[in-house]
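Each of the next two complexes has subunit A plus one other chain: subunit B in the first, subunit C in the second.
Let's turn to the complex of A and B:
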């Protein structure tokens, strides 16, 4: 991959907004592998990603971002290891309205531990309007307990500005440490 | 989700597939989001639930690729390997049939029997 080409990976639990986030910033029609859920579908979640999402974004500086989204469900974890190959950073999206958002974060930090150590990561917390707790302080407290310094942002995955801000934060970490 | 009757019928059809085609060592029916509906194998040596999940991933990628290239629906995906063959095919829009053979020269048999099985299963799940 050329120096001006950067592969970033979106991960996070089902319903956190990975597919939506990539779609909100991609300059090409997003390639996705969403299928109808055979069980567990809800009014606001009928489809789920079973392989990957893919989009592209060119930054003002000319750098091209290749954006990959993982499936959210743990049983597709073999795709997680495939998709991070060649990746330069990780964006973890956590649905704050889930049963155990901090537990969800823990699972992704564990699963991507080596990749995060080698590259960098940012955390975007979604659905905070509906579910204000845990608040950001609780996330930072948990990260501190694990000895991690990662930025956490409340974001709206439907908002281009919101997702671009998350990416810019990740790129800053990758560039300046 | 499938009815209990439909699930039993799928299992019976998988048993028939394994009886009729000696090349087939294992067969699974999975939903397109990766849940196992029915499975049979000659000996308990393959992790078929894991194969069902991976089959849904692969079939979905096949559908995505053929849609991008405007080649119509993806009928089969064939994985030919050093020690065997795995075939993935749609039963309908929501179900996938995955069959496995360890004989390397069994591709034709595997595909023809599996296709017939998938077509019959389609009638069961309508």
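Let's turn to the complex of A and C:
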């Protein structure tokens, strides 16, 4: 993995939709290292990503935009710092139907603190139809308490429009924020 | 809008308090918001910092004690931990007995403007929301009745104020046509409002396959379409402003430049001319955006400007443009 790659990094808790989000915009089938779950952090997910997801998009200039997804389980978090090296910015996906979505967000903000300060981040909240709470205001209140002004959008990771919206917001932050 | 703030709350209490305030919102007699300049201040008097603040409050402040017991027997008291019922009771009493002394209550039933006034407003160089659909929606939201908003030749729009939801035919966010824009920009004399029952609404939803939207979606659309690049007042063009949070672009039709405006206005405090210059947006587009943000309550005016200079290498700017173009290949955006 070259440091001068043009890349975006997707992170978030298990089941938040990182693999799906990358697949929705990647022009190649997402390459990942899914394995069967041995013991269950999530009862309704049989496979999880242990190393990383990988997708790509060829830009008009012929260069490639690389899309990386971090492993969802925290025991693989040593991979996170490797994956973010040289990244343009971070897309954090939070599963709103999890036990503690705000706590999950806190964990990613802490883990990627330096990277977010140097670049930028956007937050996509998934599964809000099934789990409307915490609502967006609760996320914004939490971010405000941390002195952060990151955008939070409810998204459907399967929707290309949703994922494009996240990337547009991220690039706007990097250029104008 | 009634305002309050807090001081010396511990750990997660600020987040919890804000969440509870939002949670009880529908049961309050008035709308409340957290504002650091509010005269009403909730103080945790069980902390040294809170006790000190309680002893030396700012001039004109009205303090609310936050503690397990009201040992100091103050009239304005919120018991720990915060419970919905005690918060509702406190805020409704404050709205009635304290706030009304210096803050006017929102006007609910305004007299209908004359035809001459409407003609004048439409021809005006200034955007006066109350003369358009957006103003009608705001007025309906101050009441409690489910209301059908109808404009000749267009599908009806049903508003449920208590749920801050509306029902209408499905809106294709990326394909809003000229006719729809005409509806969202309708002036008050083109609009008919009628109260309907919950049963009638349910019937309409079923028969016409209506779709639910948050009312903010319609406020945003109607403000965007009616604004037409006009300032909200003569002084608006010189006011310094910023956004307090991102517009929820998942619910609003947007153009990519709206993202740039939001990112810039979250970080900087500037007037519309400065914003237009730094984001390379037309002044008209900036004004429409700021009017819409103001309508949905995420725009704040400030006394002084604050600009964070950012130097981005041209190569990086060019790269971002290339990425956006590539992403736009299969996703088109229309205002």
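Basically, the second predicted complex is superposed on the first by the 161 of 177 C-alpha atoms of A that agree within 3 Å, B and C clash if a C-alpha of one lies under 4 Å from a C-alpha of the other, contacts with A are read in each partner's own complex, and residues count from 1 in each chain.
Assume a residue touches a chain if its C-beta (ideal position, glycine included) is under 8 Å from a C-beta of that chain, and two chains touch if they have at least 3 such contacts.
Source: prediction; values computed, not measured.
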{"item": "Room on subunit A for both subunit B and subunit C (clash or fit)", "value": "fit"}
{"item": "Once both complexes are placed on the shared chain, angle at subunit A toward subunit B and subunit C, C-alpha, multiple of 10 degrees", "value": "160"}
{"item": "Partner chain in contact with A:57 - subunit B first, subunit C second, else both or neither", "value": "second"}
{"item": "Partner chain in contact with A:167 - subunit B first, subunit C second, else both or neither", "value": "second"}
{"item": "First (subunit B), second (subunit C), both or neither touched by A:31", "value": "first"}
{"item": "Subunit B or subunit C, by number of subunit A residues touched", "value": "C"}
{"item": "Which of subunit B and subunit C A:75 touches, first, second, both or neither", "value": "first"}
{"item": "Where subunit B and subunit C come nearest after superposition, their Cα distance in Å", "value": "26"}
{"item": "Subunit A positions touched by subunit B in one structure and by subunit C in the second", "value": "none"}
{"item": "Touching residues on subunit A, where the partner in the complex is subunit C", "value": "6, 25, 57-61, 63, 65, 134-138, 140-142, 145, 149, 151-155, 160-162, 164-165, 167-169, 171-177"}
{"item": "Footprint of subunit A on subunit B - complex, ascending", "value": "1, 31-35, 53-54, 56-58, 60-61, 63-64, 68, 94"}
{"item": "Subunit A to subunit B touching residues, read off their complex", "value": "31-33, 35-39, 48, 50-52, 71, 73, 75-76, 78-79"}
{"item": "Complex contact set, residues of subunit C against subunit A", "value": "14-15, 18-19, 22, 174, 245-246, 248-250, 256, 259-264, 266-267, 278-279, 310, 312, 316-317, 319-320, 322-328, 330-331"}
